[in-house]
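The letters A, B, C and D name the chains in turn, as written, and every chain counts its residues from 1.
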């Protein structure tokens, strides 16, 4: 693949980063501040989208910033896999910004300037991860993302939020410093490079035992992917304002974790190596535990956002599962699920936030009959849930179907069972919410007259993302092409 | 036993310096009075000075001050003079030692003014309060 | 012990006419000798350190025989500090001057460019200047060490 | 004969400046600041030129007074020394801005005395970076130590006692070093480092040589506060006037680590130091690992910001000692890079501490509450320093840790690797604890909605500017660590080891 030297990848990363300055300076004038946010969001998406045709045509962009370690520069590179992720993230950021405005203003939150500034840094780091050309650059942006989301998690500043912030950092920083950093160094020591190379760089460089250890370190170390046992931060982080949960813990942060693992699996290890050493199978079994267990736990959660969090944990492992299958369909499904799940899950979180804004309710058991008051929100929730469960005609079906095919192709009937069982569980924890919202009688003795749909700024984004989930089933071409380019150039 | 004694006698200067050094070391660690610690430090330094100076000594060597003209005409027989370099070095070391002692005493004055005592135990007690 | 300290403070101890007279006589000679040692240092045993110590000792002797105030009256702390500083400045200044004149640091032969003399002569003179500087510095340090310590640091200077 | 005297001016400028400050400062306080800053500014620029010159022309040898070595005193400016020279003068210059302000408040009327010692200390440190003579090194080491004793004793409260402890420990260290040099002199009859090294090559390995090496090492370890010998450091650095600690804390231990490298490279060969006693080499790496773990654990127990930082310094000394003794290029690169980075990180953090103490008067964790609203720029810079200590890219601390870890992996010293990782995690806990208090705990004034508007009370510009500069330098050095390593540090490491 031919890479063209270009400033655009850097521009995509720098734009939101630089936007923090005017955002912070215009803290006294919320309208101006939010305009900056939206402007940065739109601009970034435009930049990312402008690079899309070249990538689809088989090209790419590259930019070296500084050679910090011999053989490992800080380098940005736009390839198909990165473009895939960046497209999803930058597109959804626009809606999240709009949603944030509605949400934060409706709740009259404090410290909104810090909130929007941190948010901008976080999206910059996310795009940075997507466009990283090597493991060191990826690690750099990964850490920046961890740090920039910390103020968002701790936003409430009460004891619970601080405790969650601590937990968040303990998990995320602890694993990245404790596991990824040594693993990365060992890879560097073995190969002398950290470049993402199609087909991997580790083949024949180390004993199977070392390689297995490395894979374990990476999969556990990128704890943002929420693979058990390092998943505990995600439910804890739900104390953050809902747009944060929606975007960061539905899309950006967690997907960065998955994306990092996929990068390592595809471009550091290489599918062939995994297949030869049977590491892929081990990986799939390992994450299967997370899939089933997280879905089971989700059933027991009464707090809506926590249920969504556990659902996310389970879904994230789908993507790793797909990569671990190392069959064409499986890998396609895994990568595709990043996008499909992103659109679905962000809709669900938006809905949860909208319900909270409208009624200040957090617990599912209190939400009986709410759907009749807020039909649009609940309809969107229904669509999002269907997509996550994997029902046609929604985007989620495509990825799950590919995963199933992949499992069958690789003759892993256990995985087929896992996928089907998990989908059933998904249905089991999502449908009751919708059912209770529409059909359960409102609890007696509760004044509900004031409750109606959330403000337009909240309602609009969630409707759009829900519709996108639907559209993705019919028009997945762009994403499919990118996946094809990424996996089989 | 004979061998050990012979060894000690033959290198008595080293043994003396080791013994002195240990005395100083003990004073620095064992004594609770700060001035005694400082004296221990001085003994310690003196031991090292002794060690250096004794290394320059030669049997039958004289003072390394020679007449200019004699030296220019006849040269100097190294066997007749002790090695002056260690002495010169120790001159510097002594100056350093004096400076350290001076600073230490000045610091001790401040300690005394602060706590009214130079016994470490009592000072620690006062800090604890 | 307390008593002794008390008496020492009232300066009842040591005020002896014999000692004071003897010191009065000796101090000029001691100082002269100190100067001799400094001046002759680059040629024979002696030098800035030793001469400086002797000079300093003469002030200490005054302070011991009389009292601190008397010795300070003769040679105030301010003068002392200035002389000490001037000594070091002289020493480093000479060294630096050599360097500025194109030689190496402390390479006195470079001073030829100021007054044309035989480089060997200049070496001798240069080390002499340095010795004077060192002597001044050591003298002032010795004196102020004693003053500060014996006055329990109550002089206006000190730590 | 070289006629360039630039490097000697770097040494002479603060020396001369010290006494000029003393003389003129007596007349008027107004002389102190311009003199100190002028002298150090000159030294920094000169150091930069010298570094460029050394990188272009190779090692410079300079004979004081034109006495040829080994008889005269030789100054050797190799790339490593030149780097240290620049580091010392630049850090000192940056720190001086802050200490001028804080000393004005802490020691009114005695600025000229303080800055006399301050400049003497810098002159001593500069000399240490330059000297090529083993005995001269001892004298300069003592000059730096004595001035440090004095500077620390000028602090309040327990400072004199801490200083006295330091005097005892520091003197023992210096004496050990002197003793080691004595043995070397007995063996070789010379004190010039290069000469010693040359003669040692022709000598058989004896117990005396090992004794000399051991004494010198232990002596330097005491001076650099290597873990079991660290007891003097925390109290001394905590109690020192903040104007002194901003300079002492970044430089003293780091320069001593540099001296250890100097001794290993220039007197004993790496071959002797590392490979003749493999058990010793491995043992020291383990000791370093232990030092890192213990010092980090002790840092966890502290409830005062400055005291916590001092324990981190002790842990960082373990990083560097371990890195040197990994006995491979990566580890050595990491150690040298970490000298630079750690000096900058410590500078940044201590400058922040000085600024905070200037405004709040205390560094207890409780008094840090809500500080970021009062001093946003200070806290932002502090955060950068903290990230660097934790080792988060792209701050400088990450890259030195990178090389150290790489060296540990290459040498299969897993204990050391684990200790480094552990220490990074502990640092994360330590600093995020503070960040959480300063950013997210706003006292009883009510969290959540509707904060009372807190007035911004930033530190004065003279303290803020160097702090911001140090924070920016951390990021700049982080991005520039590639050229730094390739262009400077690799040159400093002798080949074939």
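Definition applied: a contact is a pair of C-beta atoms (placed from the backbone, for glycine too) under 8 Å apart; a residue touches a chain by one contact, two chains touch by 3 or more.
No experiment lies behind these values; they were computed from the predicted model shown.
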Note: of the two pairs B-D and A-D, more contacts are counted for A-D
Rounded to the nearest Å, the gap separating the Cα centres of chain A and chain B is 70
Whole-angstrom distance, CA centroid of chain B to CA centroid of chain D, is 29
Separation of the C-alpha centres, chain A versus chain C, in whole Å, is 77
Between the Cα centroids of chain A and chain D the separation in whole angstrom comes to 43
Within chain D, the set of residues that touch 2 or more other chains is 150, 153, 160
Two or more other chains are touched by the chain B residues 106-107, 110
Expected list for chain A, residues touching two or more other chains, is none
Touching pairs here come out as A-D, B-C, B-D, C-D
Per the touch rule, the chain D residues reaching chain A in their complex are 387, 390-394, 399, 402, 405-406, 409-410, 417, 421, 424-425, 428-429, 432, 436, 439-442, 447-451, 478-483, 485-486
So, in the complex, the side of chain B touching chain D is made of residues 25, 28, 34, 37-38, 41, 44-45, 48, 51-52, 55, 85-86, 89, 92-93, 96, 99-100, 103-104, 106-108, 110-111, 114, 123, 127
Seen from chain C, its contact residues with chain B in the complex are 44-45, 49, 141, 145, 148-149, 152-153, 158-159
In their shared complex, chain C is touched by residues of chain D numbered 1-3, 5, 8-9, 12, 15-16, 19-20, 22-23, 26, 62-66, 113, 150, 153-154, 160
Chain D partner, complex, touching residues on chain C are 78, 81-82, 85-86, 88-89, 92-93, 95-96, 99-100, 102-109, 157, 159
